[in-house]
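Per-chain numbering from 1; labels A, B and C assigned in written order.
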Amino acid sequence: MSKALLKVSDLRVSFFTPAGEVKAVGGISYELSENEILGIVGESGSGKSVEAYSIIQLLQPPGRVIGGTIEFDGENLLEYSKTRMRQFRGDKVSMIFQNPMTCLNPVYTVGDQLTEALTCHRSVSSADARTRSIEMLERVGINNVEKRMKQYPHELSGGMRQRIMIAIALICSPRLLIADEPTTALDVTIQAQILELIKELQKDTGMAVIFITHNLGVVAEICDRVAVMYGGKIAEQGTADDIFYSPAHPYTRGLLRSMPRLDEVRRDRLIPIKGSPVDMLNPPAGCPLSPRCDECMKICLRADPSKTKLSATHNVHCWNQRAAAGEKYVMTEAR
Amino acid sequence: MKKNPISIQPNVDKILEYLPDDFTLAADSEKENFIELRKSTSYWQDAWRRLKRNGVAMVALGVLLLTFLFAFLGPVVIPYTNVQQVRGSENLYPLSYSAQELAKLDAGESVFPHLFGTDQFGRDLLVRNMHATRISLIIGVTASLIVLVIGTLYGSISGYAGGKVDFVMMRIVDMVYALPEILVVLLLSSILKVPLQNLLNSSSSALIRGLSQFGSGVVSIFIVFGLLFWVGSSRIIRGQILSLKRREFVTAAKALGASSPRIIRKHLLPNCIGQIIVTTMMQIPSAIFLESFLSFLGLGVSAPVATLGSLCSDALGGMRTYPSRLIIPSIILSIIILCFNLFGDGLRDALDPRMKR
Amino acid sequence: MVRYILKRLLVALLTIFVISCVTFLLMNAIPGGPFLSEKAPSQATLDAMNAKYGLDKPVPVQLFNYVKSVFQGDFGVSLRMQRNRPILDIIKEMFPVSAKLGIFALLSAIILGIPMGCVAAYRQGKVTDSILRVVTTLGIAVPGFVLAALLQYFLCVKLGLFPSMGIAKPIQYVLPVFCLSFYPMCYIGRLMRSSMLDAINQEYVRTARAKGVRPFALIFKHTLRNAVIPVITYLGPLTAYTLTGGFVVESVFSIPGLGRYFVQSILNRDYPLIMGTTIFLAVLIVMMNVVVDIAYKFVDPRIDFGKGND
């Protein structure tokens, strides 16, 4: 594994709502190297988007990072000043969002919004900015570029807009792209095209990608490594193969069971995960999944399991794995 | 891997003492303790709770209740009447007595003080203000009820019928909307004044005689509201109905063979009742405002009936000597409109599910 | 674009036509008709009237003639206020005064209202926001005539800060303009605050932040431009308000404008003058609505020029 580009350690994010503190992210750690696509998987409210927003500090009040570090290239982003962070956003790290319909400003042309992303960070002439924008639009697979530059977002289709969002995100050649459910709002065929495009662009530029989704199928398609989040914590982390072929956490197994598959002909119905997502205002004392877990043990309700390393790439937070390992579990680390 | 030395999270394994049965499956009953049971509350309970939490709206509601007491209970308590002219007590300042009344007081008789003074005819201004407030409130509520009925009927028919009917009905609304309403109001009230007066004087029907108490000005305001002001609320109701009628429960009702009026009454209107209440509530201050505007210009109620607007208008001439005659009804009027607005805002926040956070 | 404007103008003409008809028919419903409101018109007056309006002809013909002359700019003559003076002449004399007042009021409402809303939105929940909230709520609750009368009493009569009548000197504009602009200013302030808050939370603003756009451009380019759109829609009703609000303010401050004159003509039952002024003011309001609609299309590119008026 090459040197880590992004190192998140013990990140904690809370929302201070009138009803009380919501621990949206309760201490997560992971690393990401250049040229790597990390998938973060979880259901709504699992904290996956909040975690991503805190990397580029786009959290809206009452959300606040309350602990941990986010190191990018060895520098702690949480110590950056506001101005420094602004210069950093869109230049070194870019983000694309779920709903391309509402993410582009309706009153400005595509060209305007695209060049703006460049001129914010580079002092280039308007002609150069235009050339670069056209180049970028072509790069993300948009035809008839001259015309598109002059069009307004509402004149374009959803897929096209997401391509433009990608062009905006990548125009400054960032080293990390955060994609927050970029395909969720799109048609299935368009989804595949956009995924293909992201994968291709990643290969060409060698940037790192954090791909946030609730769709395991999408993860399988493009991610090198996967982190499964539940209740603001990472439940299981490993390579795509680890997660898909030897899932160790009951939640991961549940997710896989609830996903339709073409290669299993015998099974004729999907098994949903029972119960409803964890109440973040009042989470259980132990493992967040415990009330919904079929394999829940007494200790699960009482204490949060620490990390169990299953292999060099694969680790899981589950008492069951600890129990399986008995007294000689491999190695633990406080998280 | 090393343990992070600055981690604030203690190592679980060190502090945790395993119990013998820790690694056995937990029973469902144990798990249930962690599944929070949220009490379900009805729409109205929820709305009321949110309204109660809104301090400004509750204060406005309180002030409005006091105003209603002032207007409807006040004249009963005060020993003067609206038209009673106390001889010798003309043009009194607030809280002052005329020479005769002072003499009476000296003689040991009790005289009810003129808290707000009297006008040039010796009429007690407190009672006149109470009556004026009463008329203003009645006008506001009645006019908004007229708007409610017409707007809701028109809007729900238009929205429910859809298609060509909707198109035609909405073009009519557009036309009415394009008319400058205050101009039409002025025009109508100036035209209607004479014929209405004749009608009110000649007719013997109880309803019309009841109306004639208010005078032609008020009646023309009702007519204007009936003609013009329903368009806003009919648009809102139509929009609501349009979005509601595509919902599954309406389809289900149709599939069960429910008639259209039944669907409108049982399924559509109850679901936009919040919107209806809020728009009606918001009509009240605008009706009161419009009436006082007309009365102020001398086009509203006719003497001896007084509203807050006409009291202000009457006081304008003698403003230099009797400022209180202007200030008191002005303040009452402002407070009423303010409180209706604030309470309406609060009500919208409480009732409108879209505002729910 | 041209087609849209033409279409919009056509609708406006239609509205004016309807207003003229409604006005005429309403007036015609008055016993004795609009032109014969005096108890015993002299034979000479009657003849003149008959010749001018063809009062002996059936109502539809009269209506046609009236509407025709309105579209030709002939509003007839005043009957009572200024006997036999052409109404257009009166309007030409009186309207500039009202227009000056109205334009000042409109401008100050917009110039003060928009920043007020923005500041309130950016200081949401802070003291500034609360103060502005109180002021704007009061502003939309206190009727214009109450404000005018109270200000006149306290500032002119009690404190003697301003002259209370007329508009001979520039300082005399201050109070009338303030009274006329206070309501729309507060209304715009509230509108602006809520649309600004709405705009701040839009996803495209988040995109702009993710791009690393400077704070200045974030506020002015990405937020304000979108937030100002509802305010533009309000400009139509605002014009109507300023014109009709002028009735009261001009009456209170004794300003010799069209508004005060209109009110007096109503009180005096000078029906031809009422009709003429109503139609004139309605034309102004309708035209302003057209201008606003066209301006709206320029600001918001989402609206399709080719399609109708929805």
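The rule we apply is simple: a residue touches a chain if its C-beta (ideal position, glycine included) is under 8 Å from a C-beta of that chain, and two chains touch if they have at least 3 such contacts.
The model shown is predicted, which means the values in this text are computed figures rather than measured ones.
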| item | value |
| --- | --- |
| Chain nearest the global centroid, as defined over all protein CA atoms shown | B |
| Which of B-C and A-C has more C-beta pairs touching across its chains | B-C |
| Inter-chain centre distance, chain A versus chain B - centres from mean C-alpha coordinates, in Å | 49 |
| Separation of chain B from chain C, taking each centre as the mean of its C-alpha atoms, in whole Å | 25 |
| Whole-Å gap between the CA centroids of chain A and chain C | 53 |
| Set of chain A residues in contact with two or more other chains | none |
| Chain B residues touching chain C - in the complex, by the definition given at the top | 174-175, 178-184, 186-188, 190-191, 194-195, 285, 289, 292-293, 296-299, 309, 312, 316, 319-320, 323, 326-327, 330, 333-334, 337-338, 341-342 |
| Parts of chain B lying in touch with chain A, wherever the complex brings them together | 1, 3-4, 7-13, 16, 18-19, 21-26, 30-36 |
| Contacting residues of chain C [partner chain B, same complex] | 15, 18-19, 22-23, 26-27, 29-31, 137-138, 140-146, 149-150, 152-153, 157, 240, 243-244, 247-248, 251-252, 262-263, 266-267, 269, 274, 278, 281-282, 285-286, 289, 309 |
| Chain A partner contacts - residues on chain C that touch it in the complex | 201-215, 217, 221-222, 225-226, 299-302 |
| Chain C contact footprint on chain A (complex, rising order) | 56, 58, 60, 86-91, 94-95, 97, 99, 102-108, 116-117, 120-121, 152, 154, 165, 168-169 |
